[in-house]
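Working notes, structure below.
The chains carry the letters A, B and C, assigned in the order they are written, with residues numbered from 1 in each.
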Amino acid sequence: MLEIEGLSKFFGGLEAVSSVDMRVNAGEKLGLIGPNGAGKTTFFNLVSGTLKPTRGKVTFEGRDITGKSPHYIADKGIVRTFQGINIFPDFTVLENVVLSCHLKPGIGLVETVLRTRGSRRKERAILERSRAILELVGLDKLADAVAQSLAHGHKRILGIAVALAAEPKLLLLDEPLGGMNAGEVSETMALIDRLWHGGITILLIEHNMRATMNLCQRIVVLNFGRKIAEGTPDEIKANPDVIRAYLGAGGHAA
Amino acid sequence: MIPSLAGITTVCLFLLPLLLSGPYYIHVFILTMLNIVLAASLRLINLSGQMSLAHGGMMTIGAYTSALLVMKAGLSFWVAMPISGFVTALIAYIIGYPFVRLKGIYFSIVTIFFSEVVVLTAQQWQSLTQGAAGIFGIPRPNPVSLFGILHVNFSSKVDFYYLALVLMLICLIILYAVEKSRIGMILRGVQQADSLAESVGIDTTGFKVLAFAVGSFFPGVLGAFYSHYISAINPDAFAFLFTIYILIYMTVGGENRFFGPILGAAVLTILPEVSRPLKAFEPFVFAAVLIAVIFFVPEGMVGLPKMLNRALRSSEKEPTHA
Amino acid sequence: MSTAALSQSVLNGLALSGIYILIALGLTLVMSIMGIVQVAHGEIYMIGAYSVYYVVAVLGGNFFLGIVASALFVGGLGVVLERLCFRPFRGRADRAFTVSIALILILQNVVLALAGGNPRSFSSPITGVVHVLGIAISWKRLIIVIVGLGLLVALFLFIKLTRTGQAMLAISQEREGAALQGMNIDRISATAMFLGCGLAAVAGGFIGSLFSISPTMGSFALMKGIAVVILGGLGSIPGAVVGGLILGLVDGVLPALTTTHIAGLVGFAAIIMILIFRPQGIGGHAG
C-alpha cells in the first residue's frame, strides 16, 4: 500500500532521516519504534507531506506522493495524528469531528453559503457521521464540551476521532498513548484494534513498548534516522542491534 | 443576533433620515455604514488568522477603478461598482498566494506595503490616475427608478444614504452567510490549528487566500461608492491611518463575534460626531480606548456584558476555588 | 550627465542609504527579536528628529550632541515602552501590534500638541563642501554616510563580541529555538528596543538636518523601513543593510537619471516583483 524508497531528510548538516526503505502492506498493523531523536516523527512528517524530503520516493497505492502538500496526501487517504496540537481547542468535541468530516463529493463553497437544500442535507449527513464516530471512540457524552477543557487522555482520543473523520485508508498515529494512564492505554489500544478491524491500515509510533509489541504484527526500528531492524515483535525483542540501540541511548526496553 | 432586534434596527435605519436634521448628520451615518462593512469584512480575513492591512489599498483601487470605468469607459455606475469589487477581490486572490505563506506579522507587513504601493502607483501613474491631484468631477450614480414609481437621481445626500443602507445590508448578509457556512467553520479551524487542518485534507493556503479575496471584495465596492459620493478621489484618501482606524473599530468592538466590528464601527464613528470634546481629542481617546480594551477587555465591547456578568456574579457568591 | 552631478547623486543615494539602513535595522531588530511589527517605529524616528531639533534650535547645542542626546533619550523611551506596552503581550503578536497602533496615535498627537503641526527646520552647523578629486561633495551628506557607517560597524561589533549581541542574532534567526536556551529574554528585548529606537532617532536627526521635520514625518520612515525590510529579507539583519543600500541608491540616483515619476515606479516595481515571487526578500526566511 505504502512504498518508501531511500527516503532522506537533511536539515543543514544534520541527517534526520537517512535512506529509509520501507513498505506498509494494506491491512497491516505496523509499529515504528526507536530511541528518542531517532527520526520517527520526522519520518511521519515526510510521509504525510508536512516536510519535503531531501531525497527518496514515497508511493501510496501506486501513486507517487513524494513532496506533495499535506492536504493532498490526506485527501488520498493517509491521515496522521500529532503529538502536539491534535485538536481544535476552541471548538466543541462534536465540532472538531464535524470539521474534519468530508464527503465525496464535498459541500461546495457557493452552496454552503447559500445554504441550499443539498448542502443542508450533506451537513446533516456529516453530523450523523460525526456522532457515530464519537460513539465509536467513546466521547459521545462529551460532544458539547469545549475541546480545550478535556482531560489529557480524552484529548488524545479526540485527536484520533478527528483523524478518523477524514476517512483514512492508512492512519499514522504519532504517540497516541502519550501521557495516558493504564486504563486509558488499554481502552485506546482496544479502539485502535477496532479501527483496524474496520479496515484501516495502522502505522504507529509509540514509546510504550508493551502496547506496541502487543498490538503490532510487524515492527520497524529506527535509530539516528536509519532503519536498523524490521520484523515480528518477537524477532525485534531478540535483535541485538535493537537492544544495543536502546541500551546505548539509555532508553527503556520492553 | 436576535433576528427581531435586527429587523427593528433595520426599520429604524430606513426611517432615520426623517429624523436627522441636516445633511451633515446624514453624512455621518453614511460614513458609519461604510465603516461597519469595512470593519466586518476585515474581520472575515481575520477569522483565518491573518491580520490584513490591505483594506486601504483595496478601497483606493475600488474608488479609482469605478471612477475611471465610468468616466473613461462610459460604463454605468451600477456596472462599475460591482466590477470594482471583483477587481479588488481578484487582486487579493493573486497577491494572496505568495502573501499568505508568510507568517502572521510578516503577512501584515506586506499588506501594509501593498497599500502603500497602491498610493504611490496612484500618485505616479499620471496618465491613468491624474497623479497626486486626483480625479475630480466624478459623476453621480446613474438615476434609477424603483418599481417604476420611485425615481432616485442622487442629487441629495439622502439618496446616497439609502444606497449606503442597502449596500450595508446586502454586504452584512453576505458576510454573515459566509461566516455561518462551512467556510466560516473551516477558516476558524485553520486559525486554531493550521497543521491539523491540513492533515485532515483542508487546503489551508487556499482557504486563507479565499478569506483574503472575499474580504477584499467589500472595500472595492465601497471605494466605488465613496468616489461617486464625494465626486472626487485622490491617492491619499485611504492612507495608512484609514486602515488603522478600521482595525481599531474591529478590535474595540470585538473581533471574536460577528456583531463586534459593527458595534465598534458604529460607536466610534458616531460618538466623536456627537461630542465636540471627544472629536477634538479623538486620537487620544481612541488610543486610550484601544489600550483599555487590550489590557482589560480583550473580548471588546461585545464581550463587556459577559465580563460584567461574571464580575458581578463572582462578587455576590462567596469566593470558592475549584 | 557630468561626473560631478553623478557623484553628487551617488552621495545623495549613499546618505539616503545610511538613513534607510538605520530605520530598517531598528525595525528588523524589534521585529525579529521581539516578534512584533512595531508600526510606531516611524513615530519613534519623528521623536528622534524633534529631540535633535530641541537640542540644536532651542537649547542652542551642537548637532552631534543633539544626535547623541536624542539617541539616548529615544532609546530610553524605547526601553520604557518595551517594559510597559510590549512585555505584557510577549507571544501575542496581534495584541502587541494593536498596542503599536495605539502608540502611533498617542506619540504623533502628543508631539502635535506640544510642537504644533507646522514643519520646522534646524540648521545643521555642518555646511559647505569639501573638494575631493575636483568634485564638490556636501559635508552634510558625507557626515551622514560616515556616521551611519560608524554606527553599523559599532552594531556589528556589538553583535559579534557581546553575549547579548550573539543572543540577539540567534533569536533573530530562530526565535522558537533560542527561547529554550535560557537566555534572558527580558534584557535582550529591552536591548533590542533601545538599539532599534536609538538608531531610528539618529535617522530622524539626519533627515531633520537635510530637510524639515513635522509630526507626520513618521509615515515616510515606516514605509521606507518596510520597503527595505521586505526587499532585504523579512527577519534578516544583514538583509536590512543590503536592502537599505539598494533602495537608498535607487532613490538617490534614479531621479537624476530619469524623470521623477519613472524613478518612483522603478523602485516599487522591483519590490512588487519581489513580493510576488520571493516575498521573504533577498535574505529572509519568513515562511
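What we mean here is this: contacts are C-beta pairs under 8 Å (C-beta built on N, C-alpha and C of every residue); 3 or more make two chains touch, one makes a residue touch a chain.
What you are looking at is a predicted structure, and each value in this text was computed from that prediction instead of being measured.
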### Chain whose averaged C-alpha position falls nearest the assembly-wide average
B
### Message
Suppose chain centres are the mean of their C-alpha atoms. Which chain sits farthest from subunit A?
### Response
C
#### Entry: Averaged-CA centre spacing for the pair subunit C and subunit B, given as whole angstrom
32
### Query
Rounded to the nearest whole Å, what is the centre-to-centre distance of subunit A and subunit C, using the mean of the C-alpha atoms as each centre?
48
### Message
Taking the mean of the C-alpha atoms as each chain's centre, how many Å separate subunit A from subunit B?
### Response
42
## Note on the structure
Note: in the complex, subunit B contacts subunit A through residues 174, 177-178, 181-183, 185-186, 188-189, 192-193, 195-205, 210
### Task
Going by the contact rule at the top, pick out the subunit C residues touching subunit B in the complex.
31, 35-37, 39, 88-89, 93-95, 97-99, 101-106, 108-109, 219, 222-223, 226-227, 229-230, 234-235, 261, 264-265, 268, 271-272, 275-277, 279-280, 286-287
### Summary
Residue set of subunit A touching subunit B in the complex reads 48-50, 69-71, 74-75, 79-82, 85-91, 95, 98-100, 102, 107, 109, 112-115, 119, 123, 162-163, 165-166
### Task
Sort out for me which residues of subunit B touch subunit C in the complex.
51, 95, 98-99, 101-106, 108-110, 112-114, 116-117, 120-121, 123-126, 131, 239-240, 244, 247-248, 251, 283-284, 286-288, 290-291, 294-295, 298
